[in-house]
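Got some structures for you, see below.
In what comes next, chain A is part of two complexes: it sits with chain B in the first one and with chain C in the second one.
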Partner chain A sequence: MQISFSRLDDTIARFVLRGATPAFANTLRRTMIGEVPTLAIDDVFIYDNNSALFDEIVAHRLGLVPLRTDLDEYVMRDTCSCGGEGCSGCTAIYTLSVEGPKMVYSSDLIPQDPQAAPVVDNIPLVKLEKEQKVVLEARAVLGKGISHAKWQPTLACGYKEYPIITVDKKCDGCAMCVDECPRGVLEVVKDSVRVVEGKLEDCSLCRLCERICKSEGTWDEPAIHITQDATRFIFVVESDGSLSVKEIVERALREIRSKSESLVDVLSDISGGNGNDEI
Partner chain B sequence: MIPVRCFTCGKVISSSWEEFRQRRDAGEDPKEILDDLGLSRYCCRRMLLAHKEIIDDLNPFQ
Partner chain C sequence: MDIKIIELEADKVRISFAGETHTYLNALTNQMLADPSVDVASYDFRYTFVDPTLLVTTKDGTDPVAAIIRGAEAIAADCTDLLAQIEHQ
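Up next is the complex of A and B:
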């Protein structure tokens, strides 16, 4: 299995996964979304809130604020040495104390650990009028996207099978499919259609070109064929800023490895302790 | 208040709201503003396009 990145910066990555099965590609996608932990505010102690928003709404909005996460600094609360009570190893504490008239922004959240500050500073949380105020303490813990979307490190995280476009010799270069393609993948060169260089990965596999070729042409079968390579996958992963995309992919792959190893252990336990060879 | 994140994809869109409102009220084409703000997916674009701020209507009744 091989991964080659065509784009990799802090918040977005595009890569091709080669030599994998559709099941593995989907495992990777699901693990990146649901199994990579991030910090998010989970407990909010509200001391004062006479704003127009209810306490629950304020708490919900706080939960959705993405926080910078250093996974070497924090551990999941249920595996922490404090036994789930909450200590500096598993909990990041924030205070917020604002009096109106003012718009409360995510930058008004004062973190105890400056490393775990909100990613974006200008998220409006609540608008306060004169004599309104909000005083609260918020506690962020590590969690997984599988239990709540606020712990997802990814935004748009998905894949498609690698497109294969073949054009038959009978193509007369009528350019009907070139006009039909919504992604501008095709062009006409010397009375025949071909893929614009570097545009193949933009093909969304919509097959509009096949359809127009079949309905407008003089033949029963279209001259252009769109198929998919079920061993190559184009991934797009976008991060909300809490973790870098590189770390999301790495952590997800590590998680898949540890999960499959524990599956092997369980299976060998079931089969009487010597099942490793049989699996 | 504008939702913190896009309902569909989860991108933080609320941080763009104030700039969007200012520029829209100044008469700019919403399409241009959204492209400028880097909101490429239509799920995020509808969050700003379809939002109506009502907190100023609620505040007198607190």
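Up next is the complex of A and C:
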């Protein structure tokens, strides 16, 4: 199995996974979305709120604010040495104290740990009129997207099979498929259609080129064929900024590996002992 | 991993995986089906919110538990390989 990145920024990555099965590609995608932990506000203590929004709506909005997460600093609350009571090792605390008239933004959340500040400052939370105020304390903990979407570290996270475009010799270069392609993948060179250099991965597999060739041409089968390679996958992963994309991919792979190793350990114990024992 | 063996015979094992979903079990069963000694490798959720049950049967007297171990080891090796490649990019 091979992985090669064509783009790797802090918030977006594009890579090709070669020699994989669709099952493994889907496991990687689902793990990145649902099983890589990130910080999100989970408990809110509201001391004062006479804004137009109910306490529950304010708390819900706070929960959806992406927070910068250092996974080496924080551990999941249920595995923390504090026994789940909440300590600096598993909980990030924020305070919010604002008085109207004012639009309250995520930048008004004051983090106790500056490393766990909101990712962006301009997320609107609530609009306050004159003499309205909100005073609260919020606590963020690590969680996984499988429990609630607020703990998903990814925005867009998906893959497609690698496109394979073949053009038959009967192609007369009429260029109708070139005009039809919404991604500009095709071009006409010397009375025949070919893929523009470096644009093959942009093909969305929509098959509009096949359809126009079949309907407008004089033949029963189109001169251009779009197929997919089921062992190569083009991934696009976007982060919400809480973790870098590279960390998301690495953490997901480590999660899959740790599950496999844990299963091997448990089953090895059984094969060595009495196989009918319950674990 | 929290598992419970429900049924174990020479060529058949049925295991319940607490807290697991399609995410891992789909990759595991797919990996095991690439093993020629594995006859059936499938999992199902009896009801929506219950733990999935993995069923593995084997041919030629192969130990089904050993087949699962081989499948899990292959997935772990793939992950290690990919992590090493990412490290160098």
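Assume the second predicted complex is superposed on the first by the 264 of 279 C-alpha atoms of A that agree within 3 Å, B and C clash if a C-alpha of one lies under 4 Å from a C-alpha of the other, contacts with A are read in each partner's own complex, and residues count from 1 in each chain.
Throughout what follows, a contact is a pair of C-beta atoms (placed from the backbone, for glycine too) under 8 Å apart; a residue touches a chain by one contact, two chains touch by 3 or more.
In this text the structure is predicted, and so the values were computed from the model without any measurement.
By the document's definition of touching, of the two partners only chain B reaches A:Asp240; chain C does not. Shared-chain residue A:Asn122: touches chain B; no touch with chain C.
Legend: residue contacts after superposition of the two complexes on their common chain; A:Leu142 is shown touching neither chain B nor chain C. Touch criterion not met for A:Cys203: it reaches neither chain B nor chain C. In the overlay built on the shared chain, the residue A:Ala23 is in contact with chain C alone; chain B does not reach it.
Looking at the shared chain after the overlay, A:Ala52 reaches chain B, while chain C stays out of its contact range.
Touched residues of chain A, counted separately for chain B and chain C, are more numerous for C. When the two complexes are overlaid on their common chain A, residue A:Ile3 makes contact with chain C while staying clear of chain B. Across the complex, chain A meets chain C through its residues 1-5, 8, 17, 20-21, 23-24, 26-27, 30-31, 34-35, 146, 246, 249-250, 253-254, 256-257, 259-264, 266-268, 270-271, 275-279.
On chain B, the positions that touch chain A within their shared complex are 1-2, 4-6, 9-12, 14-15, 17-18, 41, 55-56, 58-59, 62. Chain A meets chain B in the complex at residues 50-53, 61, 64-66, 119-127, 129, 132, 149, 152, 154-156, 238, 240-241.
Touching chain A in their complex are the following residues of chain C: 1-5, 8, 21-24, 26-31, 63, 65-66, 68-69, 72-73, 75-76, 78-83, 85-86, 89.
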